[in-house]
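After this come two complexes, each holding subunit A, first together with subunit B and then together with subunit C.
Now for the complex of A and B:
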């Protein structure tokens, strides 16, 4: 087994955190997405669940490779998923969590794709390409729910105000692990948190959704 | 509380299986925006590894000729 530097240990933890989030989102997309508001949205949710679970499998296997251990069957997430994603129980919380979590993961994966290690960079490129549609879907639905009628927009803003700060805090914690950047597993071109704030502001005004 | 989706539009879905093949109409999706229509089309019609796929808002089609109703002559 290869000796683990501090940077590698933190990077493995990061890979497992993303895998856990994708595992949980895949599970929620099936559980909640199957009763989506219309047929197309439901079909897309189930197809995306397959994508998220496929990404989780790939990332768990990658983590095992990095640790130099045998790949094991994954029966459940390892406890690193964002709590907000775990407690998704309806369409509104699903879209809020899908949007916030995937937007944050996308920024991390893009930073990893600019890693100094060619093998590390190449492993995430396919994931980034495949999750583009997941983000377009979540953003599209988020815009719709914000402009819906009745109690839906307020409920959705409430869900976003829980999901977005949590994802923001996670990005701050990733940035605080400077050893990941120092050992070249991730580029330090832009602040992940600032980029996330900019993405969220595109969706809605800062007055409506808190990023703090 | 139920989510009421806003007015949905019909988008026709066109694909090309391989380079040089004809662009063929394979179906439709109903979506609230063109962005969502693209996502829905990609996930709904994934039976082939299409080289091209596009969606067209049906309201944007300029018709040259349309079939008349079967019973138009009888005032139906």
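Now for the complex of A and C:
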């Protein structure tokens, strides 16, 4: 195990935060996704749940390796997941949270994949490849819900207006932990928050969805 | 002094008998095995899985360990799972592709 420097301590916290979010998304994709609007959506949600839970397993195991402790069974998240993801209780909030949370995580993991530590970078590449499909799915559903009829678009914008700022604040907090970049666990090629804003703006207009 | 065996072909052959639980294709033909080294009866396997969320990881690892321990000189099996290079269908052997084709499963 490497010496527990400030950067490593913060990096372990970051890995566990992503693991917790993936654990929660996996759980919500099963609990809520099973009542998706159509069979295809439901089947995809359950398939993605397996993916998210697998990503959580990889990240929890990695955290144990970094801490030099024995891998233990994980029966619940450790409390670091975004509150918005935890309270997902219907299809609309599920899609909003799946999109915002994974889009934010994707930016962090891509920065990790450019780490100066080869072993760190190699851990996340497969995960990034798989996660891409989840983001495409969530983005596709988000566009569909934004262009739906009746009360759906307004309700979905409301859900996005909760999920996006929370994910944005998390990215700002990651950027504030400069020791992670200084010790080479993550590259500093682009502002995570600015990249997230750009991603969100592609989905909808800034006037409708707050990114602050 | 430790003796590192360069002849690990017998272990590759042994793992041709370990099938992926989802398709009856060996873990070798699936392209899951990246490297095998043997040192004084300890076999070190470097491998990957098709997906991070694979539900059969422990099952497959157990099957690999059990099969290698059937070899008389093997005392210990260590399995290291890596994700780089990531598995893609390009790692399927020709034999695996042919079998998938027979079942009507795309290997592209």
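Throughout what follows, the second predicted complex is superposed on the first by the 210 of 212 C-alpha atoms of A that agree within 3 Å, B and C clash if a C-alpha of one lies under 4 Å from a C-alpha of the other, contacts with A are read in each partner's own complex, and residues count from 1 in each chain.
We take it that contacts are C-beta pairs under 8 Å (C-beta built on N, C-alpha and C of every residue); 3 or more make two chains touch, one makes a residue touch a chain.
Everything numeric here is computed off the predicted structure, so don't read it as measured data.
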Which superposed partner A:140 touches (first subunit B, second subunit C, both, neither): first
Touched partner set for A:126, first subunit B, second subunit C, both or neither: second
First (subunit B), second (subunit C), both or neither touched by A:92: first
Touching partner for A:52 - first (subunit B), second (subunit C), both, neither: second
Touched partner set for A:37, first subunit B, second subunit C, both or neither: first
Touched partner set for A:151, first subunit B, second subunit C, both or neither: first
Subunit A: partner with more touched residues, subunit B or subunit C: B
Interface residues, subunit A side, partner subunit B - complex: 37-38, 40-41, 43-44, 47-48, 91-92, 133, 136-137, 139-141, 143-145, 147-152, 155
Complex interface listing, subunit A residues touching subunit C: 50-55, 57-58, 121-127, 129-130
Subunit C residues within the subunit A interface of the complex: 48, 51-55, 82-84, 86-87
Subunit A-touching residues of subunit B, taken from the complex the two chains share: 1-6, 8, 29-33, 35-36, 38-40, 42-44, 46
